[in-house]
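Structures are listed in the sections that come next.
Shared between the two complexes below is chain A, which has chain B as its partner in the first and chain C in the second.
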Partner chain A sequence: MNPFLRFLVLSLSISLGLTLAIEIIGALIAGKRGRALVIVLLVNVLTNPPAVLASVCITGLLFPLPAVEKLCILAIEAAVVCVEALVYRSWWEYFWHPWRLSLALNAASFVLGTLMQLLILF
Partner chain B sequence: MVKQRGMTAIYAAAHFAVDFACAYFMYRALGGAEARLTALLLYNFCAFALQMPFGVLTDRLGNGRVFSAAGCALVAFAAAFEELPLMLSIVAGTGNALFHIGGGRDVLATSGGKAGRLGAFVSPGAFGLFLGAYLSGRLPSAPVIAAMCVSAAVILAACPCVKAKRAGADQLPMSRGVRIKALLVLSAAFLAVCLRSYGGFLFSFDWKTGAWSWAFVMCVVLGKTLGGFACDRFGGALTAAASLTAGAVLFLLSKNPVAGCAAVLLFNMTMPLTLRIAADALPQDAGFSFGLLTFALFLGFLPTYLGLPAPGEEWVYAAICAVTLLFIFPALRGSRKA
Partner chain C sequence: MKKFMLIWLMTVVLALCAGALADVIWIPMDSFYEMHASECVKSGRRYEARSDMNIYDQPDGKVTGSIKAGEAVYLYCTWQDSWGALDWKNGWVRLSDLRRYYDEDDFYAEHFSQIFTVEGALLLGEDKVQIKWNYMPDEIKDAAGAQVSEASYPANLWAYPGSNMIRRSFGSGGVSSSITFNSAYVDESGALWLRFSGYLYGRYEGWMYASDLSSETPRFVGRIYADTDEAEREDGKGEKVPAGVTGANGNGGPGGSLLLPAVAVAGVMLITAALLIVMRRRTRTQGA
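Then we have the complex of A and B:
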């Protein structure tokens, strides 16, 4: 397989799998059950692939500089938090604090994801 | 109303883009793949059959735009599996199903008993499939992926949130008689769609090459669009009777490309009508009724896929038109759109 495609497949699949696992566990801890969990799953399917594709394209192809890369990742994460919060807000009957939930779940998945990456690398 | 028309226009444009992207990725990946047939079956199963369970989910949760946008994101994700055709089929098919059920449920739930907007939503897909297959070897994949991400963003930003209909205290539970009637209507609509899908895969004309293949696809698209508006203007019974009878006669002359194209246009006119009939039979479950009919599309695809004898003759096409009419009439009688 083409090395770039292999990298893309691995990034997308691992990232989506990890994000789903972490955010669903986070939502369970936050007391969400049943339909609310399905919504969390759906929202992550919505935001994760474009976010990973954007970060791979922006950091790998357009700006291969470490400082710019970190800024871009932060900007993409911020956009993901906003989109997810807005989507959660439209299901207000399941999510009373959409912004807080979105921020907490994404922060958890970002921190745990980065930690796992570091553990694998070192 | 203007808001809902805008929503239908956005979903229709996205429908074109999603079907374009799916056909583009599938044809690109399956060019010479050994697993071509398995991949095709997997794709069709995910794209059509999965809409039924997803439909139940949209009816419970509402907000179909999020399902649609997630579907667009999954189709973009599928691009990464270019060298793994089976994975690509599953991811692209599931994305396609999520998009269709989200958009279809929202359009059905807000169409106010009309069929025009259903036809407008459904029709661009055929052109997207055709063009995606045509351009699969001629276009780089980056713009297609970008189009999917933009579609997801536009749907999320511009389409209204259509809430789930909840059974309130004012709504009486369906009586046994009403339930049986709904079941009969749905069965008839289901069989009509199975047969129409089978017919769609069966049609093969010697003249369907070059410019005539474009004309053929345009007739499919136009037929679905016109059918919805004709149902609203003239009623379902008249539209079905006129279009399928004239279609049957023209299929007998379909060695001639003009007659063949006209027959295909007329044959496709009942498509929005069957959607309307199913949605009217289950007014609280627009998503499920939409998904049920797409499952019928999947069943209609199977005989051709399994290589069962396919009699590609004019009289068979005419007979399919006539039998479809036989299924649609009882369905119409049972529904309030007659």
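Then we have the complex of A and C:
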């Protein structure tokens, strides 16, 4: 397989796996069970792959200045939080505080993911 | 809500700081270095063990490990021209046990007057690469006549003209992009080399042989060690320098087609969105 494609497939699968693990554990801690957990899972499958793909494209193709790269990643993260919150809001019977949940789960996922990256780097 | 916003902002700031940490340069973690850091001269260069040799915890200190003959090591710094601190590994070695590899800095020192400032880019297309010039001085026009204007992948970046180490190889793929060159060198046979540096899926830095971008055989027999005048490569291919030690990440660069992953991601999104909509409708029907 082309090295770039292999890198992309690895990035997509590792990122999705980690995000699902972190956000489902987070949702369990927040008291979500049954169908609510399935929704959390599906929402992440909906948002994570395009977010990772967009990040890879931005960091690779835009000759990134570190600051610009970080701003782009923040924008992508913000978009993910919004989309997930909107989906959770449409399931109001399971998610009473969609924005809070989306923010909290994505913050946990972002911070833990960054920490793991640092652990791998060092 | 305000509390959550605050937590979110704090995590983002923390994460950005953590990202910056990843760029921090490694420094030796030993008391000797801490006391003598100002007397050390930065190195960052690659050496080879002349024979089996020891690693010490500090100059003339306790033996903490060993390096086999022929093994390559990087030094973080040298001290009093007699000791060197290993890079990315704590320990000190005797410089007399090492011989330094010839590198791009040596090449620059030796050929300074033959290196010209130029400006241009290598366009990385779907199937082909193409050299585009913005500025070419008169001195290299003859040599540039022999360069390829268009070539197939891969496009290889060598550590320096005459090196036997390919630092990075750009592969084929579906995304068009470009990498830039800023210096040129005409070798003894009149062939043109272009020096590229920049960032594309990681840092790229090295020289391309403009007449045969895909060549995997060293263009000519160059020097291996800094302390010898003669070329020491045995067969012209010079496997003595272990490939992949310096920045030879073999990254295919933009060479990967984004079409396939983009279609796959779009497919996953559509299926997931459809599942969510069906689930939502069923829940509403059950509720009613």
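Definition applied: the second predicted complex is superposed on the first by the 121 of 122 C-alpha atoms of A that agree within 3 Å, B and C clash if a C-alpha of one lies under 4 Å from a C-alpha of the other, contacts with A are read in each partner's own complex, and residues count from 1 in each chain.
We take it that a contact is a pair of C-beta atoms (placed from the backbone, for glycine too) under 8 Å apart; a residue touches a chain by one contact, two chains touch by 3 or more.
Predicted model, so just to flag it, every value in this text is computed and none were measured.
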- Message: Let's test your reading of the overlay: on chain A, do chain B and chain C clash or fit side by side?
- Response: clash
- Query: Taking the superposition as given, does A:Val83 touch the first partner, chain B, the second, chain C, both, or neither?
  - Reply: first
- Message: By the touch definition at the top of the document, which applies to A:Leu74: first (chain B), second (chain C), both, or neither?
- Response: second
- Message: With both complexes superposed on chain A, which partner does A:Val45 reach: first (chain B), second (chain C), both or neither?
- Response: both
- Query: By residue count, is chain A touched more by chain B or by chain C?
  - Reply: C
- Note on the structure: chain A residues contacting chain B in one complex and chain C in the other 2, 5, 8-9, 12, 35, 38-39, 42-43, 45-46, 49-50, 53, 87, 90-91
- Could you pull out which chain A residues touch chain C in their complex? 2-5, 7-9, 12, 35, 38-39, 42-43, 45-46, 49-50, 53, 57, 59-61, 63-64, 66, 70, 74, 77, 87, 90-91, 93, 99-100, 103-104, 107, 110-111, 114-115, 117-118, 121
- So in the complex, which bits of chain A are touching chain B? 1-2, 5, 8-9, 12, 16, 35, 38-39, 42-43, 45-50, 53-54, 83, 86-87, 90-91
- Note on the structure: The answer for chain B against chain A in the complex is residues 57, 60-61, 63, 66-67, 69-70, 73-74, 76-77, 80-84, 98, 145, 149, 152, 156, 161
- Note on the structure: chain C contacts chain A in the complex at 1, 4-5, 7-8, 11-12, 14-16, 18-23, 171-173, 175, 177, 198-201, 250-258, 260-262, 264-265, 268-269, 272-273, 275-276, 279-280, 283, 287
